[in-house]
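Chain naming follows the written order as A, B, C, D, E and F, and within any one chain the residues start at number 1.
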Amino acid sequence: MEELQSGSNVFFVLIGATMVLAMHAGFAFLEVGTVRSKNQVNALVKIITDFAISTIAYFFIGYSFAYGFDFFVGAEVLAEKNGYELVKFFFLLTFAAAIPAIISGGIAERAKFYPQLIASFFIVALIYPLFEGIVWNGNFGVQDFLKHTFGFAFHDFAGSMVVHGIGGWLAFGAVILLGSRIGKYSKDGEVTTHPPSSVPFLAIGSWTLAVGWFGFNVISAQSVDAVSGLVAINSLMAMVGGIIGALIFGKNDPGFIHNGPLAGLVAVCAGSDIMHPLGALITGLIAGFVFVFFFIQTQNKWKIDDVLGVWALHGLCGVWGTLAAGIFGLKIFAGLGGVSFVVQLIGALSGIVLALIGGFVVYGILKQTMGIRLSEQEEYEGADISIHKISSTSDI
Amino acid sequence: MKRVIAIIKPHKLEEVRESLMEIGISGMTVSDVKGFGIQKGHTETYRGAEYKIDFLPKIKLEIVVKAKILNDCLDVIIKVAKTGNIGDGKIFIDNIEKVIRIRTGEENELAL
Amino acid sequence: MEELQSGSNVFFVLIGATMVLAMHAGFAFLEVGTVRSKNQVNALVKIITDFAISTIAYFFIGYSFAYGFDFFVGAEVLAEKNGYELVKFFFLLTFAAAIPAIISGGIAERAKFYPQLIASFFIVALIYPLFEGIVWNGNFGVQDFLKHTFGFAFHDFAGSMVVHGIGGWLAFGAVILLGSRIGKYSKDGEVTTHPPSSVPFLAIGSWTLAVGWFGFNVISAQSVDAVSGLVAINSLMAMVGGIIGALIFGKNDPGFIHNGPLAGLVAVCAGSDIMHPLGALITGLIAGFVFVFFFIQTQNKWKIDDVLGVWALHGLCGVWGTLAAGIFGLKIFAGLGGVSFVVQLIGALSGIVLALIGGFVVYGILKQTMGIRLSEQEEYEGADISIHKISSTSDI
Amino acid sequence: MEELQSGSNVFFVLIGATMVLAMHAGFAFLEVGTVRSKNQVNALVKIITDFAISTIAYFFIGYSFAYGFDFFVGAEVLAEKNGYELVKFFFLLTFAAAIPAIISGGIAERAKFYPQLIASFFIVALIYPLFEGIVWNGNFGVQDFLKHTFGFAFHDFAGSMVVHGIGGWLAFGAVILLGSRIGKYSKDGEVTTHPPSSVPFLAIGSWTLAVGWFGFNVISAQSVDAVSGLVAINSLMAMVGGIIGALIFGKNDPGFIHNGPLAGLVAVCAGSDIMHPLGALITGLIAGFVFVFFFIQTQNKWKIDDVLGVWALHGLCGVWGTLAAGIFGLKIFAGLGGVSFVVQLIGALSGIVLALIGGFVVYGILKQTMGIRLSEQEEYEGADISIHKISSTSDI
Amino acid sequence: MKRVIAIIKPHKLEEVRESLMEIGISGMTVSDVKGFGIQKGHTETYRGAEYKIDFLPKIKLEIVVKAKILNDCLDVIIKVAKTGNIGDGKIFIDNIEKVIRIRTGEENELAL
Amino acid sequence: MKRVIAIIKPHKLEEVRESLMEIGISGMTVSDVKGFGIQKGHTETYRGAEYKIDFLPKIKLEIVVKAKILNDCLDVIIKVAKTGNIGDGKIFIDNIEKVIRIRTGEENELAL
């Protein structure tokens, strides 16, 4: 019986880990479809190698930093209880590795390859686990302090802030330090549009992410008896809200519509375990609007060349979701309660500050030392030829 | 020999080819080109930013013919490729000094 | 223990829901690959927005119409028993939303966008749940009446008729009312063939559907202790039968071969829980034939421009499967029994009649009011440019 | 309670089967992306029809040959215990059908279609189940003999040798008998490179395989209470090792990098249940190197035209993994023990011999009788036009 | 009438088109071509094997103009398409005997 | 100067280019075209319906040469591009009035 219990938990978390692993393919294809054809191969290689480097960083450093657990004992110890601790690591790794995958979309089409791998290493080994450990493992007593002071801990069920917010705000620094793509903004202030090289690939990315997200959110319960159908339906409703929001505010643009569900899902992570489905629907709708509005602002008004709009998508929708948990999670909005808007705001702001500093420091140092940007000629030829010596497609 | 270069609307290709075969033209070379002219392109939008697509897809036909059937050839193209709308295209005629059939080495009219 | 039980059920149904959600990406790509390049974006946007509208329609109206359950209570009530009722809704929603996804493939390349969203709303809110409730929730006492009169209820385990049949026959009306694509059938009776813009995308669609279908069928058990390996293997055998049928009758055409597994899977839904695997294999083989034969008839002989052949695929194979359950489900064919051919026939016919009426009424009213078809110029330019102002791929 | 137990096992194995079924789409797209555009359709059709034929061969012959279990009893017998035996068949079928899918990548771009289907039939009905039954079902007392003589049985948890090794070495014979593609190696010794038609499709294949592999490996436990998180993390670490190995040794080539994870995963199958994660990481790193090194040797030095490099990938990395289980599985390397290097070597060599003989016999007979190779003209036009009468993409 | 055939670098197309419009040229036909010349291609690698890409993407412009604006046209192209680097391209000029506008049947200068 | 326009089979391009370089030709412009002639296309089938693909993929070479090496150039192309099968293609020769190298402004023979 006990074995069924522990086996079921391992199975449960394994499926979650596998689903979030698949989301990394989703990140890759969202980028493949959005960038110009000459940068497609680079998008693919970046995501898969970033995942590998993140695994090394998290296995050897990050995970023990966050959770005080390491793997340097014999396999027979690790294998106890069906190896539950191991799949838990796998599951949480797929979250950690999402950070470089998020950043990747912002710095696309002009970033050097190896410096980005190095950045990924430090971010996943140190910066992300610092915030993760504080929020999810109670490190440094911050959560206790918040609970004591405000009555409630900072609530981020599946990582609106811990994962997406941190990723999006780290990307912000990287994008600023990199500068915009050549030719994107002309001297006389005009904006050149780079339409997506392939809407179908972009859509494959979007669907893969959206489907995998149900693992990301629901399996965050981390044991099968704690699973909550509420998380599932709230994810669904926020996703749908995001689609509809992007359809309406994004004027039927496929680029917006396929990011809409992601905006909704980013936003619902934090409060999916405590909101009412109607609250989740509204959270998603607003997230759809936030993404569309701020994407246009950054790209076309403020001329910040965040290629996939990851700051708007993960950074801003992540913050919005963190706050939304403090609104629609409240009992007066038919939520389960146990959250405080003020604490959510504190959590979001701390995350922003940490990620901004982290991003500017890591990418700043790399910029000063190895450089983070392709040469003009390399950028013009495309990252595929200049880094990988091959084109995305061939008709030979 | 004369060369007829016709820029036409893509969906007219099939019909033009068939009609040309009827008057005894046995070969032609076709390419996908983009045309710019009085006919305007269209505006696309991506994530809130508009951009103009100025060039429209056209088909370029190249047909080398004996001078004596040049006029028949022109008549056919004009008749079939015409829709009456802007952008129907143009025909350019120039002179070809020599034609060789690679397979046989035959030259000029024999090579057509 | 009870928590393990209820948690396992939630997990089980969640995985089913997620798998069927992924099938919607499959519908999208089957259409993307089959239509001409100028209509690829529209295929993608239609499916994802139809899914969103369907969720709204089913959440607020359809589900309570079919099952008498609604969501307008506090989250703490919804969250009881690990929120099982919520994942059940999610699972059944993914079925309901398949109806517009099916129709989408029939009306591709010429239908207006917003009228289709409206049609989806009414179909998922009213027409589908009417039949669904009668068959799967015993509404209006129809099943009781059949049982009383013929000894057996109408048997449709996973929706050969309830989902696919209804979807396919609804599409029939829509396709007729729309008319054929410009240039498809010339005045002198010739048929112009539009080869698929991308066989690889079509194949991605097909695989995604086939794989997800094991969630569709097996998880229709709706609780883990009721799961049946028989359903799994019967789905497998019917899928394989469909592939082989399409290979043989379809003369090695990739368009047929990648629809073959779907034909088999449509047909096996109804009786997958009661057939012998050999019965399922034959059911699939015949479904492969039915699809190939009737696709050619409709497209090339009767000149009905059902672009993806959804009437043949879902409508006819659905009906065939409903009847096949009444044959190969019988004990004399080594099935588990408990079905009657006559009752299956009655069920199939009622579904056809309902869907035909429903389709002609909904699309008829829309045709009279807003119009359901793109202008000639828009159709010629393609739905991508004319509706979404963008092309599927770009080389800028 | 018992039903929850048996239902959970059925669910567990079903998910594994579905994940490995999805891997077949992965095989298809790895090939689609790697071959030239004129052979893409054929890659897709080959994989899906090979799967169908394999199912028939394994259902009627292979499975009872290996496990002594057949399906020719009434459905009510099959449905007992939630039909556990049926999903087990489904799961193991997806392994068996991987054999033709592996071979397919080696013989691409020039093999005839129907002879390959026939080869698949005999391989899945007879050759594969022979080795499978010996290793996994103790047939013919070989495992007992090894245990008796050397103290340990041959250990191949998830099929490094049983599946991948056998597949890769069968492919070797087929590739040699077929000969190289026209124009690949010129008379004066030069090698013509055929770059991949589509790196994105190749990457879709790679991701689909990698994600599905967690089903392949972890669900090989075959019951939920036996599931092991160790298998999951070892698969992860080997995958990551393979990516990094291919990145380093493969000079950032996307073709290598997307095969790297597969190399690592092939190699870790055998010992994933007994290695320490660090052992798995090293196993993967070396597998990455093995693949890159031997791919270059075969294609460019030895002029053996194994198009996707399936001999290097499955054949050699499979053998390496089988041996690695006999190294990193040992207690001195922090493994769980219970293996012997000598026995692993014996197992690997026997597999190689069997597969070499099997491959040369099956393809040799077919070559003598029906012929296995397209005509020069057909090969030149491409398999898509000459076999399937259609091109992969169309702009009509 | 004269035909100007200009082989230019792809990223210059937009600027050239705009400048030509300014001097009153109202139409042109453009195709994607591959060029070979002094400018070298690049080497790609696939799985350990190198292969040369000898041809570089270029744009071919075809513009039929009245003889009297030929020189303006040439000046504009040379000025705008020039980067000073190898591979900027060439302009070829030849003679066109006749032009017809398909839509109206107008001929020669009227058809431009 | 003369322009040689050769329509050849795609798999002959590499060999033709190399042979032309050997006789001192330093540049050419190539496009993918579709050809129609005596050589027949093929029939494709989609879901039970046949459709003819009339046009075959060909390569169009455009080479502007000094008049005096014209014949060498023709000889090389004929020799190398010939397979002896229908569809080997044609060579068309016409006259070019002027050539300009955009990078330097050099004209005519200097620009080649």
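The rule we apply is simple: a residue touches a chain if its C-beta (ideal position, glycine included) is under 8 Å from a C-beta of that chain, and two chains touch if they have at least 3 such contacts.
Keep in mind it's a predicted model, so treat the numbers as computed, not measured.
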*Least step count from subunit B to subunit F, where 1 means the two chains touch*: 1
_If a chain touches subunit B and subunit E alike, it appears here_ = A, F
*Across the interfaces A-E and C-D, which one involves more C-beta pairs in contact?*
C-D
*Could you check which of C-F, A-E or A-B has the same interface as D-F, with more than half of the contact pairs identical by residue number?*
A-E
_I'd like to verify one number: the distance from the centre of subunit E to the centre of subunit F, where each centre is the average of its C-alpha atoms, in whole angstrom._
18
*In whole angstrom, how far does the Cα centroid of subunit D sit from the Cα centroid of subunit E?*
52
_Centre-to-centre distance between subunit C and subunit B (centres being mean Cα positions), rounded to whole Å_ = 46
_Two or more partner chains touched - positions in subunit A_ = 1, 4, 8, 15, 194-196, 198, 204, 253, 255, 389-391, 396
_Overlap residues in subunit E, where contacts from two or more other chains coincide_ = 31, 44-46, 51, 94-95
*asked:* Graph shape for the chains shown, where an edge means the two chains touch. Line, ring, star, complete, or other?
replied: other
*Which of the chains are touching one another, listed as pairs?*
A-B, A-C, A-D, A-E, B-C, B-E, B-F, C-D, C-F, D-E, D-F, E-F
_Under the stated contact criterion, what part of subunit F meets subunit C in this complex?_
44-51
_With touch defined as at the start, can you tell me which subunit C residues reach subunit B in the complex?_
381, 385, 389-391, 396
*Residues of subunit D touching subunit A in their complex?*
1, 4-5, 8, 12, 15, 19, 36-37, 194-200, 203-204, 206-208, 210-211, 214-215, 218, 223-233, 236-237, 240, 243-244, 247, 252-255, 257-258, 261, 274-278, 331, 334-336
*Contact residues on subunit C for subunit F in the complex?*
191-196, 250-251, 253, 255-256, 292, 295-296, 299-300, 309
_subunit F - residues contacting subunit E, complex_ = 3, 17, 26-31, 64, 94-103, 105, 111
